[in-house]
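I am attaching a structure below and will ask some questions about it afterwards.
We just call them A, B, C, D, E and F in the order they show up, numbering each chain from 1.
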Amino acid sequence: MTQITRPDGRAQDALRPVRITRQYTRYAEGSVLIECGETKVICTASVEEKVPGFLRDSGQGWLTAEYGMLPRATHTRGDREAARGKQSGRTQEIQRLIGRSLRAVFDLEKFGPRTIQIDCDVIQADGGTRCASITGAFVAAHDAVSKLIADGKLEASPIRAHVAAVSVGLYQGQPVLDLDYVEDSACDTDMNVIMTSEGGFVEIQGTAEGAPFTRAQSNVLLDLADAGIRQLIDAQKRALGV
Amino acid sequence: MTQITRPDGRAQDALRPVRITRQYTRYAEGSVLIECGETKVICTASVEEKVPGFLRDSGQGWLTAEYGMLPRATHTRGDREAARGKQSGRTQEIQRLIGRSLRAVFDLEKFGPRTIQIDCDVIQADGGTRCASITGAFVAAHDAVSKLIADGKLEASPIRAHVAAVSVGLYQGQPVLDLDYVEDSACDTDMNVIMTSEGGFVEIQGTAEGAPFTRAQSNVLLDLADAGIRQLIDAQKRALGV
Amino acid sequence: MTQITRPDGRAQDALRPVRITRQYTRYAEGSVLIECGETKVICTASVEEKVPGFLRDSGQGWLTAEYGMLPRATHTRGDREAARGKQSGRTQEIQRLIGRSLRAVFDLEKFGPRTIQIDCDVIQADGGTRCASITGAFVAAHDAVSKLIADGKLEASPIRAHVAAVSVGLYQGQPVLDLDYVEDSACDTDMNVIMTSEGGFVEIQGTAEGAPFTRAQSNVLLDLADAGIRQLIDAQKRALGV
Amino acid sequence: MTQITRPDGRAQDALRPVRITRQYTRYAEGSVLIECGETKVICTASVEEKVPGFLRDSGQGWLTAEYGMLPRATHTRGDREAARGKQSGRTQEIQRLIGRSLRAVFDLEKFGPRTIQIDCDVIQADGGTRCASITGAFVAAHDAVSKLIADGKLEASPIRAHVAAVSVGLYQGQPVLDLDYVEDSACDTDMNVIMTSEGGFVEIQGTAEGAPFTRAQSNVLLDLADAGIRQLIDAQKRALGV
Amino acid sequence: MTQITRPDGRAQDALRPVRITRQYTRYAEGSVLIECGETKVICTASVEEKVPGFLRDSGQGWLTAEYGMLPRATHTRGDREAARGKQSGRTQEIQRLIGRSLRAVFDLEKFGPRTIQIDCDVIQADGGTRCASITGAFVAAHDAVSKLIADGKLEASPIRAHVAAVSVGLYQGQPVLDLDYVEDSACDTDMNVIMTSEGGFVEIQGTAEGAPFTRAQSNVLLDLADAGIRQLIDAQKRALGV
Amino acid sequence: MTQITRPDGRAQDALRPVRITRQYTRYAEGSVLIECGETKVICTASVEEKVPGFLRDSGQGWLTAEYGMLPRATHTRGDREAARGKQSGRTQEIQRLIGRSLRAVFDLEKFGPRTIQIDCDVIQADGGTRCASITGAFVAAHDAVSKLIADGKLEASPIRAHVAAVSVGLYQGQPVLDLDYVEDSACDTDMNVIMTSEGGFVEIQGTAEGAPFTRAQSNVLLDLADAGIRQLIDAQKRALGV
C-alpha cells in the first residue's frame, strides 16, 4: 500500500480502540456498551418466551433486531423517528442487516420457542455504527443465552460461532480499515464486511460512492477486513472472558 | 411523620444519589447524563439558528423538548415508538411538560431568533424519569447558552433562574420524596413538582392513584418537594461550578 | 382579594352558568350536553361487554375516555385530527386525564367484565373544555350505570362518589374561578382541579404560564376551586335528580 | 304505487320533519344544525382568506368539505377516526361528494381568492347523513357569504342557486322518499339525488344493494326525489328568510 | 343527436377498441389485461380460503377489491400511494365501487367460506379506468371461479350474470359514449353506469361537472350506456369463449 | 464446476432469456418492460424540471427511484403497500439500491437542475426483481436522456457507462447465474452484483443464507456475474440500437 495520512493518524490497517462494557444497563438479559473510537452504541438482548406468527408451532426460536439513533448522536441534530412517525429506509436496512448477521451464527432450531430481541441504540455516531452494532449485539446475545443456560431454561448454547463486522474502504485511493465519519464521507468505495470466527463471510456489502472498484481492490479490502474482524472477535472474547 | 421502611432503606425525605455528568456526548452544544439512583437519562441541548413558523419575524427565540425511552430501559421491553409509528400519549405529555418547565426560566425575548431543542432519552428507568429529564435538561440548556455566549453569539444569558423537578407521593400512607419504580407502582398519590431556584412553583401535577388526597397531605408533600428541589438545584450548581 | 373586573363581569369566585342536559342524543347509554357559559361539550358513555386485553380474565371492568373538538368549535378553524391522521399531544393529555378522573370514583372490581367508553366532543370552546368534559362525563357515566342496574345487568352501583372539575387561575394578579377563553389566554397561572363529592383531590394540575406561583397563591386557588366544585356537584345532582 | 307501511308510519312520498337552526355555534361564519327526523348534523362554514396551492394566483376561490361522525352518533359505538389515525373510505367518499355538490352552485371565479371550508359533523345518525349534510351545509355557506357581503368584502353573491339532497330507495319493493336507518339497512336500491333550485341534477348515485334496478324504477325514484328536494329547498328558504 | 367531432374521430355512440387478454400473469387464479383504447388495466382475482372477521362462521363467502395506478400511468407522474403512506379518497372510492359492482352478480352464500380478492392496477390511463377495471375484473373473477370448479372445490358457479361498466357524458353539449381522458377533462356531465347482462342497473353515478343536467339528458346517456355495455359484455363472452 | 441440474434445465452459467421492450407505456419519457424469464418489471423514467431541497441552487441534477410490486405478482398475494400505509423495509432497501446504482453512471453535474424519477413496478416476480429493475431502469433512463437531447434541453449525455445487475448464488453447493424464485428460496449464498460496461463494480451484496461463504466461492460467483452482466449490457445495447 501507498502510505497516506488518515485524519486521526491511524495506520491504514488499524482499528479504532474498541471497548466493550457488559451489563451496561440492568434490566436486559444482555446489555453492552460498545465503543469503537467515538462511535458508541448501547446493544441490549431481551428474551421473550414467544415467537412471531410465522414460526408458531414450529418449535424453532427467532432472533430479530431494531436500530435507532438518538437525535443528537450526530454532528447536526436529526429528526426523531418516533416523532416523524416512521423509520427511515436507512434504519430499516440496518436493522434487517443486524438481525440477518446474528441469525447466521444461531442454531434457531436448538433455541426453543423464544425470541431474542436485539436493540441497538447509537448514542454517539462517528462512522461505522452498523458494524459496531453487530459486534456489540453478539456479546449481548451471548450474555442472554448464558443467562438462559444458567437459569436452566436452555441446555446447550445455540451459538455456533462468533460474528463481528467492520467497514473498509478506499480513502484517497488507498485501502483503509474501520472508517470514521470523516473518512466515510469522503471515501470512494465503502464496504461493510461481516464474518464469523470460523473465517467465512456472512455478508459483504460493497458500494462505489465515486468510481467503480475492481476485483483487485475488492480483494485487498477483504484482506483488511478479515484481519480487523479477527481483532474484533478477540475483543469480544476478552470481554466475555472466554 | 410515622416511620416506614422504604424499599431501598432511604429516609422518607431523602433523595436518591444524584450524579450529573456534563459533556457526556461530544456533538451537542449541551450534553448531560443525569443519574438519580438507577434512573439514567441522557439530556442534550441542540442550538438551531431558526425558530418555528409561529414565531417567524417575532425576534423571539424558542425552546422545545422531545422525550424517548430505549425499548429495554425498563423491566420488560416496551415497543420502539419509531417502529410502531407513533409516540404514546405518555411520551407526548412528558415532552410537553419538559418544554414548558424550561421555558418558565428562559427569557425567550432575549434569546434571539434561535431554538434550543432539548432531547431527553432514558437509557435506564427506575421511576422519576420526567423529573430527572427536567433537572438534567436544565444543565444541558445552561451549557448550550454558555457556549453561545463564549462564541460571541449572545451577550447575556436569557436564563432567569434554575429549574428542577422531583416526585413526591404517599407510599403506605406516608409522604416520601423521590419515588423509585417500586414505590411509584404502589403509591396512593403521586405528585410531580417543578420549582425554580427562587422558590416558586412552575408546575404541580398531583394525581390520586387510589384514595383522593387532602389539602393537608398536599401541603406536606409540597414541603418535601421543596426541600428536595433545593438539593437538586445545589447538585446542578455543583455540576456547573457556579 | 383585590377587586378586578372580569371580561364578562362575573365576581372572582363565580362560576359561569352551568347547564346539564341528559339524554341529549338517543343511542348512547348515557348522553349529556354540558354547557359552562359558552363552552359546550357532548359527553356520551357507551357500555361495551368486554374489557381491554390487559384485564382479560381479571373479572374487573374498565373505563376509558376519548376527547375531540369539532374543527370550528374555536375562534379560528383548527385541523380535523382525523384528516391529519393523528391526535395532538394536547388531545391525548386531556383524554388520559378524563379517564383517570372518572376511574378515581369507580370501583371497577364491582363493575364486572365490561367497559364504559366515554366520548367528550367539544362543539363550542370558550375555555375550560377539559373540566366541563369531566363534569359532564360523570353524569353520562352515572346514567349508563343506572341503565345497567335497571336492565338487571348490575346489582349495585360501582360509583363511590361524584367527581367534578374546574379551572382556577391568577388573572391580572388576582385569583379567579372558572376561566373563560379570554382569561385563560391572558392568565399567569392556570390550575385544573378535580375533586370528589367527599372533598378529596383526584388531580391538581397547576402551571405557571408567566411568573412562578407561591404556596399561598396555590392555597387561595384551591379554596376557590373547592367552592366551585361543590356547586358543580350540586348541578350534577340536580340534573340527576338525586 | 302499491301501499306499504313504513317503519315510522310515513307516507311513501313523505320527508321526515326537517328543522334547520342557524347560528347554532358562535364562531363560524355560518353554523347550522340540521335535523331530518332523528338525523342531526352540525354544518359550519368557515371563511379563510387563502386558496389551496393549485389555485394560487388564479384569482379564483375554492370551497371544500370535511365530514365526521361522533363515535356514538350510531346504535353501536364506532371507532374515532382521529384515534385510529385515518378516515375511512366512506368518510372520504362523503366529504368529496359534499364539496362537489356545493361547488356546483358556486361561481368560484366571483368569490375572490378565499376558501369556504365546510365541516359536517354528525351528532346523531338515523340514515341520510350525507344528504342532510349537503342540505344543511348550503345554508351555512349561504350565511358565510352573506357575512362577507355585509362586511364589505364581497360585492355580489357567488351563489347561483340552492342545492339540496335526499335519498330515495326501493323498500319492500316500493319506492320511498328519505329513508331512515331501518329502511336504509333493508332496502334493495338506494339512490342519493342532489338537485339545484333550478331543477337540474348535480349528482345521482344509485346503487342496487340487492337485485338490479330498471330504468322505470329509476325514473319513479327520481320523481320522488325531485318532489322531496323542492320541499327541502323550501325549508332552506324559510330558514334563511329569503 | 347533433353531430360533433370527437378528439379521436369516433362516432358518439362508439366504444374504443376493447381487448381482453386472459392469463396475463401466471400466478393469480384469474389474471386479465383489459385495454380500452389507450387505457390498460391489469385485473387479477386471487382466491383465499378465509373470510373477513364480520363473516366468520356465516358460511358465506366474500369478494373485495383494491385499485392502484402506477405512478407514471398518467401524463404527469403522480405520487406513489405506498410512499405517501395512504390511499387517496379517489382510490378508495373506486375500489369500493369495484367490489360492490362484482358482489352484485355473485351469490356469495353459494361461494363457501372463501374470498375473491380483486386487484386492479392501471398501467396506462386514458380515461375510464374504473369502468375498465370492473369490466376486466369480472373476467378475472370468472376465471378464478372456473378454476375452483375445475379443482373440485366448488360445485356450481355463484355467478348470476355478467357485469360491465362504461362511462357516458355530455361533451360539447352532446352525449358521447366511453370518454377518453381529453373528453373526460372537458365534459359537462360525466356518468359511470354499471349494468348486468340481464339489463338491470347495478350502479349509476352521474355528476354535473359544469351545468346541472336534466332528466331527458340523463335518459339519453343511459341509452348510450346500455348499448355500450351490451358490447362490452359481448367482448367478455368472446374472451371467455362462452 | 460440478454439474448440477437446475430446476429449469439451464446451464449453471446461463442467463434466463432477456427481453427488453422500449416505449412500453406512452406517457413516460422512458418506458421499458424488461422480462428475465418469468420476472417482468415495468421501468419508467420521468423527467421533472426541479431538484430536491438539498440540491437547490447547486446547479446539479438528481436521479432517484421507487419500487413496487403488484399484490399478485407473486405465488401468494401480498399486502398492497398503499393500503397497509407503509413500504416494507425490503421495498425501501431495493429502491435505495436502484437509485444508487444508476447514479453511479450518471454525471449529475452535467444534468442541469432536473430530476429523473425511476419507477420500477414488478408485474410478475420469479426471482431477481431488483436486478431486472436496475437493468431495465438503465434503458428507461437512457431513453429519457435521449429525449431531452432531442428536445434541445440537454447538449450532451450525462451517462458515462451502462450499468446492469445480476444475481448469482450457491445452489446445491454449486455456483449458478441468475437465480429464479425456486433457486433463490433454496440457495445457501445469494449475491447481487452490479457492474458498469467498463467492468468495475458499483455494488456487491453477498449474503450467506445458510453456511458462510469463502473468498474462493465469492470469486467464482463474481466471475459468473461478470460474464452475465456483459450479456445483459449487450441486451441493453441491442434494445437501444447502440
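As a convention for this text, a contact is a pair of C-beta atoms (placed from the backbone, for glycine too) under 8 Å apart; a residue touches a chain by one contact, two chains touch by 3 or more.
Per UniProt, the chains are A, B, C, D, E, F = Ribonuclease PH.
Since the model is a prediction, treat every value here as computed from it, not as a measurement.
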item: Reaching chain D (Ribonuclease PH) from chain B (Ribonuclease PH) through chains that touch each other, fewest steps; value: 2
item: Chain E (Ribonuclease PH) reached from chain A (Ribonuclease PH) - shortest hop count over touching chains; value: 2
item: Most remote chain, CA-based centroid, reference being chain B (Ribonuclease PH); value: E
item: Counterpart interface for D-E, drawn from E-F, A-B or A-F and sharing over half of its contact pairs; value: A-F
item: Chain B (Ribonuclease PH) against chain A (Ribonuclease PH), contact positions shared by both copies (same if over half, else different); value: same
item: Inter-copy rotation, chain A (Ribonuclease PH) to chain F (Ribonuclease PH), in degrees (Cα atoms; steps of 5); value: 180
item: Where chain C (Ribonuclease PH) and chain D (Ribonuclease PH) are represented by their mean Cα positions, the distance between them in whole Å; value: 33
item: Centre-to-centre distance between chain C (Ribonuclease PH) and chain B (Ribonuclease PH) (centres being mean Cα positions), rounded to whole Å; value: 28
item: Contacts with two or more other chains, residues of chain B (Ribonuclease PH) listed in rising order; value: 85-86
item: Of chain D (Ribonuclease PH), residues touching chain E (Ribonuclease PH) in the complex; value: 86, 89-90, 92-93, 95-96, 100, 104, 191, 195-196, 198-208, 211-215, 218-219, 222
item: List of chain F (Ribonuclease PH) residues in touch with chain E (Ribonuclease PH) within their complex; value: 25-28, 31, 38, 40, 42, 44, 46, 48, 66, 68, 70-75, 77, 80-83, 85-87, 91, 117, 119, 121, 123-124
